[in-house]
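The same chain A turns up in both complexes below, where it pairs with chain B and then with chain C.
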Partner chain A sequence: MDVEEYLKQYKKELESGDDERTRYREFLNKSRSVSERLEGLESSANSSDQDEVSESINIIRDRDEDVQIRVTAIRGISNEIGESPELIDLLLSLVRDNTEPVALREPALRVLQQLSFSSVVFRTKRPEYLDVLRSIIDDQDAELRQQAIGVLAKEKDEYVQRRLLEGLEDPSKALIPPEKAIQMLGFDIHAEHYPILRDMVKSPPNPAAKKEAVRLLAADAASKNMLAEILSDKGEDKEVRRTSAIALESLDPAEFEDRAKQIALDEDESDDLRATSLSGLGHFSSLEAVSIDSSFDESVAQLRDKTASEDLRRAAEMYMNRRGGRLQSTQPEELKSVQPLDENQMMGTEPVTVQEPSPNILAVIMGRVRKIIEAIKGNPKPPTPKTPAGGSSV
Partner chain B sequence: MRTEINLNGSANATERYISWSPSPAQVRLADAEGATDPVQVRLKNQNPGQGGQVLFFAARAGAGQNELQLSLPANGSPVDFFVAGQFPRASTADGDASIEVVVEGAGTTLSVTPLMVRIRKNANLLTPAERDHFVSAFATLNDRGMGQFRDFRDMHRNVADDEEHGRAGFLPWHRSYLLDLERELQRIDPSVALHYWRFDQAAPQIFSKDFLGVPDTNGTLTFNPANPLQFWATDLTPGIVRQALFNTNTQPANDGTASGRVINEQATLRLGGTNKTYRLFSRMEGQPHGTAHVSFDESSYISDIDTAPKDPLFFLLHCNVDRLWAKWQRVFRRFDPTSARTYNFLGSAGSPGATRIGHNLKDTMWPWNQITTNPRPNTAPGGNFPGSLITAAPGATPAVLNMIDYQGVLNPSSRLGFDYDDVPFQF
Partner chain C sequence: MSESSHNTKSHQTLDEDTPEVQIAEFIDAVKQSRDNGNILVDLLPERIPLYLNRSSNETIRIRGYTLAAFEQVGLPEAALPYVLEELENGRDAYLVAAAAKALRGLDNPTNGVIPFLFKAVENVRGADDSLTFENYRPQWPLTTYTTALKEIFYTFGWLGAHASDALADLQTLLEDRRDDFSATIRREIEDAIECIRSDTKNVGTDCCARPTSLSPQVVRSGRERGDTNSINDVELEDQEGNALTFRDFFCRSPSIVVFFYSRCDNPNKCSLTVTKLARLQQAIRQEGLEGQLQTAAITYDPGYDLPRRLRAYGQNRGVLFSDKNRFLRTRSGFEKLQDYFSLGVNFIGSIVNRHRIELFILDDKGRVAASFTRLQWDIQEVLDQAKLLLRSSCCSQ
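Up next is the complex of A and B:
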């Protein structure tokens, strides 16, 4: 491909492309119908023209204006809003005002969330922002409520955490569905949450809540037996069992390894759970523990060649790859490992015909050995292989 | 008779990774078999029809060629040349590109050197093998929440907001952050590059159980049982919460409301205005970058600065942000760090016209500078910037400056070792 021609063509397309400024000016034209004004504005361009900004502010404030027009105006000057404390206040007041339509308040809240990523001025308004969110967690609109609670939960807001726990203990006080409440408590999981999460597992209000509670008990040592029981229960929902496997792996890798090996080879088990077990063993078990169990490796190799389950076959394949094994599969595979080039061939010292890409098994194993050494030394990063260049002024 | 090729300063296979930007190379006669006169050789792609393809340069200038004729001294002295990936023909697997050295005229093969044209790609278009390598490396780096990924999670917290967002240094800081992560992924699997989520297009392959997951009814991601990302954990908790507000199979990122879609690539590149300035272009931090983040609901990790890196999609989102910057630089030739159009704060903190520390061209960037005194955050996770086997840049304590000429267009030693599938190199 001619790079010069490629760039020339690209630039030409860029310059002849749609003119966002023109479309926004047409949007501001009140003589046009709502649909005409909104046409072609699925994404808003940002205006910094002062007249356009002023006109947009008027639109935002105008309660008689169509809601979608007001929303589009907010988006159309979102950068300007992010640079102005007064305009951020305007948006905050819209969000707080329950006499304004939800179809306006929600997008306004999203634009504020967007500004949290990009606006330095927004940071000075953060306390007011959080106050506004707290003021709407009892809002009539469920989606707005949940939006506010989600942001506050991620802020680790203690008031919201209390309210969520209250709702789990007494459903009549629930602000949001229990599975969502559990999920949001997970942003800042505390030991004091674990008893209620265990209750949610034993007496779940619904399956989604149980699954979420199982997930979050991954750091609770007192839940280990419960998680192991769920994993062993062939009558349990398979997604809940998979979640318990993953939680148990996090809590007690050795316990997980023992059970995972049994499950992986148990033909009466679900293929999904067997594949999950192999995936965990293959990626995250210590090399020593698994490398001495050659009979298990042989069984996995046989499993890989015989199973009709694509997921189980792939999990077995990846397990063998990670263990540095050579694949002898008869099926075309995605991560096929072949006889690697020997050192002379890799060094280009003799003519070769390269048939397939060389594997990265050596790199993978060296990486894991390096990690083990680092863990022993307590060194988070290996030394840099090249001498650093360049200086710094500050 | 045989030849030996060095790439990136070494004969080791571990350094045989190139991008679109020319990499230094050498070829020499390793065994002249008694020859005393120079041997005329031709370097070429062994398999022009498949795999990554290479261009050859006798000197670091001009257009590369499909073949290169060189005269090799019989005494084994090396001859310098340069190689680069042939845009847009990237590798899809490690070693699928090969440099063949043949005797000029006779055509006898003297050596074949496999290498990889390793490129950051549109993640929605990866082969299954590329995807699986990427996912596996990422899961290994995370290691159930106990791996080195913790440093990357901790680098992007609210406490570091002033270092990373809302000011000019937003793009260079994140370029550095992504490159740090990519190098750590490459320590695990050198065939891996950090790919991008093209958020202004539908990306159904990314949002799949084989790749970055599909939410259950509660927004917690589910994966295929063979996908190691099912074991992903951060902050002692397994799992990822991500619920898109748009149809991930058919739509680009948007929040489901009127005018809530991310602006497309062309509109983004036009943000620089008539004079194509960085000051105006960097408004892309709001739209499309911020819009992409909040195209996911309030419970999603990615919709909040502090929790965003808990979701691997965050890195693909930012890789696209970086690609857009790279493309803008390429199209408008913004590599000269002495030009205010390339970057609008040219000095260092405290100098006339400077902005906050960390955002001026000559400022080093936290956390790699390991400075934890006010106004920097009081911790600096992750240590110095990691080195690379293929380039010495950007050094252990990169400055904003070191992120500008990432292809080494003006200064070869600035080459950072990555490129995008749709952003070529040009002198």
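Up next is the complex of A and C:
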């Protein structure tokens, strides 16, 4: 981007920043109706003006205020909240307070979740945050419960693991559906849920729970045989078999190869499972081990030429590409579209093309630019970026 | 006193099938009387049946509740390595808090623990938690709670005059790094500083006093080393998929071997161990000992740490592989290695639930000549010990 273009864009940002501040001041104006206050205000609208921040705090605290207005005020000063231990405490108390509406508590929790990643100050509040989350896993509102459980589960929290396991062993104590509970426990491979998962595979409460249990057993070496049997069981649900293929490949690549080869060439098997097997063989299996099975390679080549299934044909082609294109196709010349890969392509070390940043990343960058512009407008001297506090020695 | 010499009733009656609530009741009963610390020490070795087939969190609860109890029953010297291990390397707030509390059971406070307390501050600063030792397996909401950082700074204050060397660093935390701590913790630091300053007793010159039990190193002479008959035929596989036996690799040249597993979630343990192994390899090369000393890393998790994972884990941490430098998994007989090395590890199913840091120096017959366990080993100390072994091997030939 050249300098002139940059200056034009900068000026445009200043102007739109002015509009946004005006709209935020109108949002704070209690004499206007709720819809007027919310109208035209972008969801990312933010203020760092101290007077506006103070007014926003009063709105957040005001139980008589409209819930949507209070939520908007929280979002409006989320950056400020992240820099203030007192404001973080305010949000924590809102989330904990079950006399406050869920429509307020839930967005407050989401803002806290975001701050747990982005705010340096938030790190000092971790004990209080976890304490509040544990307090609300029994909340009446299912969505709030699940949100809190999700955060704690990702932290490998012992309390939430304990409660989830209780719920799997005794459904009357379940906090969330079993397939969700399994998913949550799966964040920690050191949890004690593998025997429960194996039982769940044998006697699933529902198909989703079974599939989730199979997925997580990929971390359990003791479940190898079970996963291999599921993969080979033609009477088993397709999705469960596909999940077991992925799990088995992780645990025992040699066993996976044997079974996957059989499935890939078995015309009584479903095309998508055959395609999954070939993809697995092509992507993950050791090139040396598979390449010595020339009869299998020939069979794959024939499969590619004869199958009516596009997915299967593509999977076969990908497999052949991984073998270095050494196989001769039986297709007519004009249908040969596969070019042999060179060594770099086979080893995945070919040069990477730089892509344009995604729209989401651009939105984050523009949000930060707006904040800098706000700061410049409030203070003619350009702001200097904050240096991170302290340094970890670990 | 070595870890393996404890042999009391308590350790034998509690096992993998003992319900947690019963274990907690046992600990609560022991807590009623001061000087019962030796009973609780028996609950700490990782390899005891108590921890078999328990999840990591269950293991943490039991160990943490045990460590915290030392504050009341007194902390025997045999327990000190476990406490310091947790402060030096632990990342779980419950265990770190418990270890900090345990130090307050010392009859003879020492400033030798100060570096460990500061290390614990850094370990747990971003991972602190609300916790309680008032009862076992508490239910939320709690009426009151403590945190690991609170307990650590409280222990600084408890050390009083013994912690006078820590004053400058505590002041630095308060002044230069105040944003790293909440207002509550800053008050704890202020209180600790005040307690240290106001303790005017003369503690003598225990400068750098480090109880002998803090040394991670154990050395065995030739006669003490036993033999490797039980493990010579244990089948191994290296990071390239080559099959070999224990005898093939370890009975041809002195070796330095560490234990690890790729799914370890404590960066101060396995990841750091392997990274240091890579640096040790470098030091061996620099000393011109490459042909004389082998290095190896053996996984605790042979079912999951297949050759491709062994290779990736080592390479990502700077390890160079060769005929004399390998990563290994057992294809069978891991239990034999576990017994031979008295490994400090336990499992839930096939997954590690708890382990200590361990490095062994083996002579050219594969026998353990020296071990460095539990606390972080120093690369130069390990190399110096290995060189002593090489020299003694030369002299005996």
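In the analysis below, the second predicted complex is superposed on the first by the 305 of 394 C-alpha atoms of A that agree within 3 Å, B and C clash if a C-alpha of one lies under 4 Å from a C-alpha of the other, contacts with A are read in each partner's own complex, and residues count from 1 in each chain.
Throughout what follows, contacts are C-beta pairs under 8 Å (C-beta built on N, C-alpha and C of every residue); 3 or more make two chains touch, one makes a residue touch a chain.
Bear in mind the structure is a predicted one, so any value in this text is a computation, not a measurement.
Enquirer: See if chain A has more residues touched by chain B or by chain C, and give me that chain.
Expert: Between chain B and chain C, B touches the greater number of residues in chain A.
Enquirer: Does chain B (first) or chain C (second) touch A:20, or do both, or does neither?
Expert: First partner only, chain B.
Enquirer: Just chain B (first), just chain C (second), both, or neither: which does A:194 touch?
Expert: second
Enquirer: Which partner chains sit in contact with A:75 here, chain B, chain C, both or neither? Use first/second/both/neither.
Expert: first
Enquirer: Touching A:125, do we find chain B (first), chain C (second), both, or neither?
Expert: second
Enquirer: Applying the document's definition of touch, where does A:56 land relative to chain B and chain C: first, second, both, or neither?
Expert: Neither partner.
Enquirer: Quick check for you: in the superposed arrangement, does A:219 touch first (chain B), second (chain C), both or neither?
Expert: Both chain B and chain C are touched by A:219.
Enquirer: Is A:211 touching anything from chain B or chain C once the two structures are fitted on A? First, second, both or neither.
Expert: It touches chain B, and chain C stays clear.
Enquirer: Pick one for A:244: touches chain B only (first), chain C only (second), both, or neither.
Expert: After superposing on A, A:244 lies clear of both chain B and chain C.
Enquirer: Which parts of chain A are in contact with chain B and also with chain C?
Expert: The overlap between the chain B and chain C interfaces on chain A comprises residues 120, 123, 189, 219, 253, 389-390, 392-394.
Enquirer: Considering the complex alone, what residue numbers of chain A touch chain B?
Expert: Counting only chain A, the residues touching chain B are 1, 3-4, 6-7, 10-11, 13-14, 17-18, 20, 38, 41-46, 68, 71-72, 75-76, 78-79, 82, 103, 106-107, 110, 113-120, 122-123, 146-151, 153-155, 179-180, 183-184, 186-187, 189, 208, 211-212, 215-216, 218-219, 239, 242, 246-247, 249-250, 253, 271-276, 278-280, 282-284, 311-312, 314-315, 318, 334-335, 341, 346-354, 357-360, 363-364, 367, 370-371, 380-382, 384-394.
Enquirer: Quick check on the complex: what are the chain C residues that touch chain A?
Expert: Result: residues 54-58, 60-61, 93-94, 119, 122-123, 125-130, 137-138, 140-142, 145, 147, 177, 179-183, 185, 263, 265, 267-268, 301, 303-304, 306, 308, 348-353 of chain C touch chain A.
Enquirer: Please name which positions on chain A make contact with chain C in the complex.
Expert: 85, 120-121, 123-128, 130-131, 134-135, 137, 156, 158-159, 161-162, 188-192, 194-195, 219-222, 224, 251, 253, 286, 389-390, 392-394
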